[in-house]
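Common to both upcoming complexes is chain A, partnered first by chain B, then by chain C.
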Partner chain A sequence: MEWGDFFFQFLSGLTTAMIYFLIAAGLTLILGVLKIMNFAQGGIYMLGAYTTYTFMKLFGGTNLGFCMTLIIAPIAVAVFFTILEIVLLRRFYEQTALYILLMTYGILIATYDMARMIWGWIIKTAPMPPMFQRPVEILGRFFPLYNVFLIFMGFFMFFLIWFITKRTAWGRSMRAAADDREMTAALGINVPLVFTGVFGMGAWIAAIGGALVAPMAGMAADMGIEGGIIAFIVVVIAGLGSLPGALLAAFICGEVQAFGILVLPQFAIAFMYLVLVIVLIVRPWGLFGKAVIIK
Partner chain B sequence: MKAKVKLSILLSSVLIFALMLAFPGTFSSATAEPLPPIKVGIVQSVSGMVSDFALDDVEGFRVKIDEVNEKGGVMTKDGLRKIELVLRDNKLKPDIAVKNAKELILEQKCDFLVGCISSGVLLAVSSWCKENKVLIWGWDARTHHATQDRGHRYIFRSSGNTWMNGHAAAYYFKDKPYTRWGFINPDYSYGHSEFEAFVHGMKELKPGFEIVTEQWPKLGTTDFTPFITALMAAKPEAVYTSLWGTDAMTFIKQSKGYGLFKRMKVCGLWWGMPLLRPMGQEMVEGIYAMTEAPFTYPGSPENKAFYDAYKNRTGRMPSDYSLLGYHAASFVVAGIEKAGTAETEALIDALETVCIDTIAPAGRICVRKCDHQCDYGATMGITVKDPQWPWFVLKDIEVIPGAPTMRSCEEIMAERAKAK
Partner chain C sequence: MAQKDKGRIPITYICLLITVFFFAVFPVWAPTMWKHLTVEIFIIALFAMSLNMILGRGGLPSFGHACFYCIGAYTTAMFVMGLHLPLGIAVIAAPVVAAAFAAIIGYFSVRLTGIHFAILTLGFSQLVWAIIHKWYGFTKGDDGITGIPVPAALQDITPYYYFVFAILIICLILIRIIQNSPFGTTITAIRENRERVTFSGLKVWHQLWMNFIIAGFFAGIAGSLLALLNRSAFPDFGYWTTSAGVVLMCILGGVGVFVGPIVGAAIITLLEHYISMYTFYWQMILGCLIIILVIFMPGGICGFIQDRTKKME
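Moving on, here comes the complex of A and B:
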């Protein structure tokens, strides 16, 4: 095995990491501000992929069609889930966390059945846009151009979310509401509106993750459940609610898995869980989380 | 649970009543006829992940039964008897399947059972059938355990099994120049069975056979990129995979970007018909793939007749699965004709020596007496673009006869004795 093989494995791991990050970023955002565990996140990711399939079929799979889909499909999914938040979730924020868990889990199951009803059981895949249909040559080997795009999009989304939360007025009210709901409300900020916005944004990010996966993978309704589990692992390793943590955790999970596959393929799947176990033992509050001392 | 059962009984009785009102003629004539129909219970997963394939099995079976019924039925000792089908959906759940089997036999008074697309379901139904001395004819589920170590008098299978498929691939590749093999298989019982069978066959047949890497992604993986780079880093001459469905589709799409298909040969075990259609133009040329019934081959009149009958009936083109259903029906009908009855023990004795002419490349296939497994020959070909179809087809088709790929009777009997 040459060192080029290791570098390629690293690049593959990075691709995986970016998919993990995009599913987990929305979850960690919602968790950080709304303080709720959104089980439906995986379902949003799955619906993002399926709506991308539908829109790309509508637009005919061209480059322009793909760009338009990438803008429209995630927004459509986000709008749908924003409405769900207003109609269903909002009234449960003040209740015990159990209600929210049940409700979001219920939404996950509902999206699963909805996808089956709308798109059926036959496996679907969105066409790869023509501009990405060629590989780039690195070290005499081929690397898919689409994966390069995916890695770029991962970092782009990270900076976009970071910018929105840290540098805009809306982001400031978001962080304020996360810290102290009552005080923020007392200052005249419409907290429910902020929450709705954050939930919608979280849904949008996950849907982008789904949209980006659509041209490179086959889709099935249960990809949402799988995606949801990975998102949870990443968020727990990251520390609940931390965005840079989510990026780092996704990176660790992706690379650990990639090199596990290269070195010990029989046990490859276990490596990510091993990281989770180690983090939970050594730093139960996650890499970037704050230790909470319960008195 | 109880309430559910009651509800379903209520609903079905309402349905039957409604049917009787709607078609009074059919029912009164049925009672007027001297000979009651032979009832066949179908145990199949027609809702759930594999429903499309599963329905193809059923429809293929129906095409044959319709053929027979149009001629007045199947000839028994007492005269012509029509065949009636009763379908029950098990949603891929073994426990539901066993419940269905009980209901079909005890309440619907079916003479015997056919079906099963899932190996887990077949094994569960098979052990119920063994205890209750009911005949089950498997038409699609592939685990070799069903007819090898866990086989018994009451189970038959017309399709091939994992052992035969893996060995058929080994037979096909023994004369090809590839010795350094990489493997990527789904990490559950099916993937392991196919892997073991192929490796077992290659070790016997191909001198210098070598495994350079084994990859085991779990079922439902959406990101194969690290597996693909690891596979390529091991530099095999050829790759063997039993990935199927969504997994196979994802793997192909992602491998294309890495130029994997340009660097090594790939044998996608079940990338024949079931995958060619959904993949459309995204398929790759030059992949070795297996199927039991490519629909464009051999183009015989019987083949064409089935194609037309199937299309008339369902409005769709037949698939491999439709042929599997059709062949199962051919066996069952031939068995009843030979036995002159649908009575279980007599029918089993007759079926043990039945052969049929398939409309697939496999040609004439027979039930083997010792394990009730048919010697269904597999077909290997190479994917190629064909302007005639909106998807890729297989060219250079080779038929690998079933018999030499089967495990010997002595070995199977020894295994069964050990299992007890």
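Moving on, here comes the complex of A and C:
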């Protein structure tokens, strides 16, 4: 294999990795702070893609329309799920993990059928904005410009989330609430509000992932269930609640798939699960997580 | 308290006898479709009961239990179709292979609790699913294995009904015995207070591991019976939505009550069968049902009834 081919494959793996990262980053944030497993994350990703489709149709598929969609659609989805959090999830945080798991699973399958009811059973594709309808030449190979944009957006979102959690006052109260809820509440911080904010932000990030994937691939309601499981794999490999871990794990998953296709095409997905199980056996708490083993 | 118990036991037994008698004479008058549906409920009920050993008794939320169900189905299917062994051996091998897998997965999983346990079991079950789904040379991939030959004695639905019914009753008695044994009470004790059991000198994870293997064993039986009912095995038996579905059945019925998972399995299977006749959007209704259930009846239907009868007394 030539270097050009190798690099091309690497870039397409990186594109996949960035989508995985965006679905997983929201989940890792929710897991890290709220300590709940959100199965609905895949549903948020799917709804992000579908609302993008609707808004793009509304704005007529222009460059400006795409930019506006990228801002409006994820916020709309995030608001919807924030309301769900306030109405349904909030009251179960203090109880056993099982109820939240079931509740978010219920939300996932309800959104799955909701999407099929609203957008139908046929695979939909959002129009590619005109400014991205040309390839760029990298090492003599032609690579879609949109994929370059997607990789850029992935890194941009990583730094944005990192900045919000580490460098702002709100991020500080978020991390404090993750460490010790009672103490944070005693310091006069409204913990339920922080939690709702984190959930909304997690939903927003996943919805951006969905919005970015919309012009690139066909969308069906199944992508919610698949997206949910991919987010889950990435987060588990990363270690619950670790943002750099999520980026690294998404990168590993994306590249393993991209190069796995060249070696054993039919096992491309299984490779990802293999990475998952190796990590689970060697470090059950993930690459960047804290040890939780009980003897 | 002892007086009350003495008075109540006969009522429970009478109810039990009536139920068993009802299902024993059920095939005499019921149409074929109902018999088929009832056999399906029996199988899923056994599957849910096996999960409840981990979920209700052990207090560990397993989200990968369908893995053993699927392995049970595939063991039976592959022993008959691939190795051309007699069906008897294939049926007996299914729970053994499932238990062997449970031993491997349980070894790593039972040392964790809560959400970490859920994630680890889910991860392992998805790996098994991915291998079955993709390995065309070995498991025929997502085409599944179809056309399993069933001996003439079990080909009709009525004999098969009695076959499954007998196995279900034997398994339920076994599960009951295990749960009431010192081992079973230890598992409950671990759920209630892990630290204290550790202090009493027991290896907690060892007990939980045994429990996990036994649960995998019974799930393997259920999977094998399902493969014989459908005469086929598909990778989706082991997909994570199946695992989540059976967790839902346990919670709906009530994890704290012995027959809870059976009630939950019957309700969900019947609802799915009848609602999907009228609408394509069965999942929407199921999703809303889950949400309502978790909010208003966290103890499940049987737990709810138990609470009410206690209050009445």
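Throughout what follows, the second predicted complex is superposed on the first by the 292 of 295 C-alpha atoms of A that agree within 3 Å, B and C clash if a C-alpha of one lies under 4 Å from a C-alpha of the other, contacts with A are read in each partner's own complex, and residues count from 1 in each chain.
Here is the rule we use: contacts are C-beta pairs under 8 Å (C-beta built on N, C-alpha and C of every residue); 3 or more make two chains touch, one makes a residue touch a chain.
All figures in this text were calculated on a predicted structure; none of them were measured in a lab.
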Q: Identify the partner contact of A:269: answer first if only chain B is touched, second if only chain C is, both if each is, neither if none is.
A: both
Q.
Touch test for A:257: chain B only (first), chain C only (second), both, or neither?
A. first
Q. Touching A:99 in the superposition: chain B (first), chain C (second), both, neither?
A. second
(Q) Under the stated touch criterion, which partner chain does A:236 make contact with: chain B (first), chain C (second), both, or neither? (A) second
Q: Could you say whether A:169 touches chain B, chain C, both of them, or neither, answering first, second, both or neither?
A: neither
Q: Examine A:112 and indicate which partner it touches, taking first as chain B and second as chain C; both and neither are also allowed.
A: second
Q: Would you please give the residues of chain A that touch chain B in one complex and also touch chain C in the other complex?
A: 266, 269
Q) chain B touches which residues of chain A in the complex? A) 1, 5, 8-9, 11-13, 15-16, 19, 120-125, 127-128, 135, 141-147, 213, 215-220, 222-223, 226-227, 254, 257-258, 261-262, 265-266, 268-269
(Q) Give the list of chain C residues in touch with chain A in this complex. (A) 55, 61, 63, 108, 111-116, 118-120, 122-124, 126-127, 130-131, 133-136, 141, 194, 198, 204-205, 240-241, 244, 247-248, 251, 280-284, 286-291, 294-295, 298
Q | Residue ranges of chain B in contact with chain A within the complex | A | 48-52, 187, 213-218, 220, 222-223, 225-230, 232-233, 245-250, 253-254, 256-259, 278-279, 282
Q | Interface residues, chain A side, partner chain C - complex | A | 35-37, 39, 88, 91-92, 95-99, 101-103, 105-114, 116-117, 225, 229, 232-233, 236, 240, 266-267, 269-270, 272-274, 276-277, 280-281, 284-285, 292-295
